[in-house]
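The following block contains the structure, expressed as structure tokens.
Order of writing sets the labels: A, B, C and D. Residues in every chain begin at 1.
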Amino acid sequence: MIPVHFLLEVSAVLFCAGIYGVLTRRNVIGILISIELILNAANLNLVLFDRYWGSTDGLGQIFALFIVAIAAAGSVVGLVLVIAIYRNGKSIFTDKFNLLKW
Amino acid sequence: MFPILSWLVFLPLGGALVVFLLPKKEVGLMRGVALVSSLAVLILSLRLCLGFAQGKTEMQFVEVSPWIPQMNVMYFLGVDGLSVSLVFLTALLGFLACAASGCILHRQKEYFILYQLLMTGMMGTFVALDFFLFYIFWELVLIPMYFLIGIWGGPRREYAAMKFFLYTLAGSVLMLVAIITVYFSATPHSFNMLELRNVTSTLDFPLQIFLFLAFFAAFAIKVPIFPFHTWLPDAHVEAPTPISVILAGVLLKLGAYGFFRIGFPLFPAAAHYFSFALAILGLLNVLYGACVAMAQTDFKKMIAYSSVSHMGFVLLGLAAMNATGFNGALLEMFNHGIITGAMFLLVGMLYDRAHTRDLNQFGGLSGPMPVYAFYLTFCSLASLGLPGLNGFVGEFLSLAGSFASYRILTAISALGLIITAGYFLYMLQRVLFGPIATNPRQYSDLQATEILTLTPLTIIMIVVGFFPIVILQFQETAVQGLLKWLF
Amino acid sequence: MVNVAHLIPLFPFLAFWVNILLGKTLHRASAWISIIASLISMVLSISTAQGFLAGAGSYPLGTWLTFFGQPIAFGVIVDPLTVMMLLVVTVVATLIMIYSVGYMGGDPHFSRYFAYMSLFTASMLGLVLADNLLMLYIFWEGVGLCSYLLIAFWFERPAAARAGLKAFLTTRIGDTGLLLGIFLLFAATGSLSFTDLSKANGPEWMLMAAALLIFSGAVGKSAQFPLHVWLPDAMEGPTAVSALIHAATMVAAGVYLVARCFVLFAAHPVCLEVVAVMGGISALMAASIASVNNDIKKVLAYSTISQLGLMMLGLGVGGYSAGTFHLMTHAFFKALLFLCAGSIIHGVHTQDIRLMGGLFYRMKTTGITFVIGTLAIAGVPPLSGFWSKDEILAQAFGPHPVLFITALLTSFLTAFYMARLMLLVLFGKSRSELQTHESPVTMRFPLVVLSFFALFAGLLGSPWMHHAFQKFLAFQVPYPSEEAPSKFVMGLSIGVSLLGIGLAYSIYILHRRFLPEGIRAQFGWLYRLLMNKYYIDEIYEAVFVQPFLRLCRLSFRFDMAAIDGVVNGIANLVRRAGGILRRLQSGFVQNYLLIQTIGVLIVIMTLLGKLCFQF
Amino acid sequence: MVEFAIYSIGIGACVFAILSVAVRDIFHSAVWLSLTLLCVSGLYFSLNAPFLGVIQVLVYIGGIITLFIFAIKLTARIGDKTIAQTNNQVLISLLASVVFFVFLLSAILRHPWGRLATVKELPLKELGQSLLTNYMLPFEFLSLILLAVMVGAIVIGKVKK
């Protein structure tokens, strides 16, 4: 017996926590962490609905799988960028990256 | 038939391409290419003048072919009496200014590319008879000019270039709106400048007024008409010498030419309606420009404001709405190009020696530089309208034309003649006369090349002064045709 | 009969170009090129005169430009007036050029000087030959230019440069009036030709206004009140220039113009009256200033203004031939006087008459010719000035009592100041240790020739020759017949002349003072007024020049502040608006994200508003 | 029992997620994230999607979190107390996310979801088959993306001489 609305609520909490983190963290790594939360919220929903509607070919899971892969790729690039930026500017705070600002 | 107009327009573009392909170090070769191409343009323009049939009202040397058939855009070039002398003027000043480009000491490659691009734009504007094409050339003038002032100009070049660009662009945007309106008002939609007048002259009067004003904005800024003139002193002062020559000699004519080619024939009712206002603006230009020129201490700025004043005479002739006035205005355009071109060359020559343009720092240059003094006096006299030199004929005809239409106003603007004489002679007094202010050794007299650049202009001043018919013969029929259309 | 009149200005014009282009190589020879050119012109003028007497007349040359559909022709007018002017101009010009060879001897810009002189001669000859107003205007400006160039010839002197500027600008004011007059005349009659003037018909007021505007040109050129201020300053130029341009020929062009357009004036008595009154004012005013001035050239300059005023007065009272006659005689004796003055200045290197004295015995030729010139201008019979002045007085005598008295007073003052000048310069004891020497022969020769003319030119118009000159001038001219001078007027004229000379003699020779103390004390204010030339220069400076310059500076400031201010203001407004708007673009990703989030929320809420918050 | 486990794991995921965005030390944050991910993985298991749960643990906790920690350690000075870890839009962000949450909650609660009784497990074989048949193209694209990311990461991360 799986409480569907509860899982949806958990997903909503993860999503909103992620949104909050993305909006407030100064540290780029912090932002990346929050993005992972958002993606996980989505994944959770995908898997849940895959089960809920009972798909035959596991589309939801495959979708989630793709998302995991893309998220991994994204965070790899993100982190490399963070390191590159840090190497140049000795900071990874978003408000310090204003080289291109007017 | 030999497409002489296309050659005139695109030869400089070809020159620009050649310069583009040359290595950066080959400065002499670049100058050579630019000179040869502008000389070829000059020769072609002479050929054009000689081949021009004077008795005809219609366009000559016409080249028509469809260009963008979906929009009914044509590649349509042609000259008539209104433009032929200006084409010659452009070619002549283009060549002389190119010859005077020795003062450009860095980034010559870009300079000569942009310069020839500018030539293409100016030529094209004078010969384009399709609105679409006209607008392209009109804007094409703007961009090289922006860079030419902005890169090779004086200390405040960025400001001047930006001001020039934005100011002129503001006008031409309005013109674009008007062009589009005109385009859609015709069925089938057309950009043909010549045929559109049959459509536009039948438009509603308020719409005509609006369209005329939109074109007016573009032309008034180019002329420049008071109070849209403040870009001019800045641009002139900051631009390098050859570009000042082109700016004053040719660019200002674009605006006045626009009135003749577009403003008046397309909207005759509006032209009649606004002619008195134009005359008042002309009066203001003449007097105000002269007064401000009188107060200048910067040589170049003084010449710049004198341009404002002289273009006022063009406006007066234009506003006169009679043959004498139109002839005078067209002739004054030509003359002003010649004279002010020579004046800017002279200022540049002095600046190359003294590295200052402050009139109060000169004095007694008649002694060390007699040849320069001769040319400066000569050109000043031409500019202040001494009979026997070309400046007089244009001013005389313009004033006579406007006198026939507006007595009092012309009488007041004739005061401009006195003030003009005042500031030019005051300038001569400060530069040439009096005790020698600074070390005379730094003022070596003109070199042969400098004399060679000035001499053609002075010869034209004398020839046109004595035989104005040389230029007037080209215009006469076209002016008659225009008047017949206007009335 | 070959028409050669149009070739007359050509040779000096060619000489101008030869001298200006080849001046460096020619150097001394350039003088002879100019002299030969004007000699050729003189010969041609004489042949034109003969041709005219043989019946030749005006002829057209070609069309210059079309003007309201009317072709404006280059043409040559040959009539008595022109013939007279041609002869006067070529003779005087040639003589003065010969004089200049000596006078300008050591000048570094020798050839340029002769180039300008030739250009002037060409323009002046063109002026008198022009058969329409437009052509006349062209040459009119040409002579003005030469005057400018020659006044400022010694360009290193600031005063000379200023004087040139002043001369050009002051005359230009009149010229602009002339130009407008030409326009108006054309608007009224549709023709600019002089021959059409007599049948000019158009609106009355336009013709009148045109005549007055044309007269304003003459006022400027002939240095009449109120545009006379440039002439005294013009004395900064070389004296030979003053003799040619500012005494004999160019300044007389104004009188010539009025004479040329005399029909136009004659048709409107008001215009004639204006001419006469302006002439009278100028004559009296200048004569009074000349009576106290101490600069030899300035005295002569004011004398010129005064004499020109007298000519204008003569024309204004209807004396066409009287005014013209005086123009001719004046050209000779005033040129002579200037050349004498030049010779004296050449000898003593000062212009202040208080420092001269007793020069007669050391400069014989100059002295004698100076005396002749003085007597001629003072109106002592039978010298030339007497006859022409008499004509004017006779004209004014009847109907114009005020003008007559003015003219008479002017004659008296003329005799007085000229005698004063002569006595102070030539006679008495030397008042300073000046080194003097007689001038070279090239300078003396013109003096002698001119004094011959000053002596005898007047006889042409004297009753002894049955007013031959007047009859010649009036030939074919439909002007009212003029009064012959009566015995009474002649006597009066001789009387005031002798009175003036006698007064000067008694003051300056017998009392050997510049002015008796008593008179000076009593009329101190008058003396100061006259010494300061009625403060006219100062008034102009304060009323016109300075306010105008202030206006110029003000308009420049207005341009910078107001107009450019508006332009830059608009630019700044746009920039500032951008500055405010760009704060929205903080450049922080998270800021954008926040706004995006809020935006998404708003979009969802509006789209699904009904669905929201329904628990 | 299962239900209790689901509830507790779900609540844990929520708490850990909130903690991971709320703590100031970024290292702690990464640790909380790993716990969150672990909980989510548990939820996958409970939903009878064990493959995804395993992947979650392997890729996320094994790979990504490790990377995070590496990055955190490489960028140093993270623990400095004087440096603010949040920017100046905390309050409004909090408000926005809470509103968002309320909105989501209202949407979730409006629907009678009911309970998911027995969930049939999708065999891994079928999953693999559909991945290599129906979803072949995205799968291949994904590999391409991964390759690009790899190359890009190396290029960007390389220390320039």
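Operating definition for what follows: contacts are C-beta pairs under 8 Å (C-beta built on N, C-alpha and C of every residue); 3 or more make two chains touch, one makes a residue touch a chain.
Just so it is clear, the model here is predicted, and its values are computed rather than measured.
The most central chain, judged by C-alpha centres against the centre of all protein C-alpha atoms, is B. Per-chain Cα centroids separate chain A from chain C by 96 Å. Rounded to a whole number, the gap between the C-alpha centres of chain A and chain D is 6 angstrom. Chain A and chain B have centres, each the mean of its CA atoms, that are 64 Å apart.
Centre to centre, using the average C-alpha position, chain C and chain D are separated by 102 Å. Within chain D, contacts with two or more other chains are made by residues 87, 89, 93, 96-97, 100, 109. For chain B, the set of residues touching two or more other chains is empty.
Counting partner chains per residue, chain A has residues 19, 23-25, 94-95 touching two or more of them.
Chain pairs recorded as touching, per the definition above, are A-C, A-D, B-C, C-D.
On the side of chain B, the complex with chain C involves touching residues 163, 166-167, 227, 229-231, 288, 291-292, 294-296, 322-324, 364, 366-367, 370, 374, 377, 381, 386-388, 392-393, 396-397, 399-400, 403-404, 407, 410-411, 414-415, 417-418, 421-422, 425-426, 429, 432-436, 468-469, 472, 476.
Those residues of chain C lying in contact with chain A across their complex are 582, 587-590, 593-594, 597. Against chain D, in their complex, chain A makes its touches with residues 1-10, 12-21, 23-27, 29-30, 32-34, 36-37, 40, 43-44, 47-48, 50-52, 54, 57-59, 61-62, 64-66, 68-73, 75-77, 79-84, 86-87, 92-95. Listing the residues of chain C that touch chain D in their complex gives 588, 590-591, 594, 597-598, 601, 604-605, 611-615. Of all residues in chain D, only 87, 89, 92-93, 96-97, 99-100, 102-103, 106-107, 109-110 touch chain C in the complex they form.
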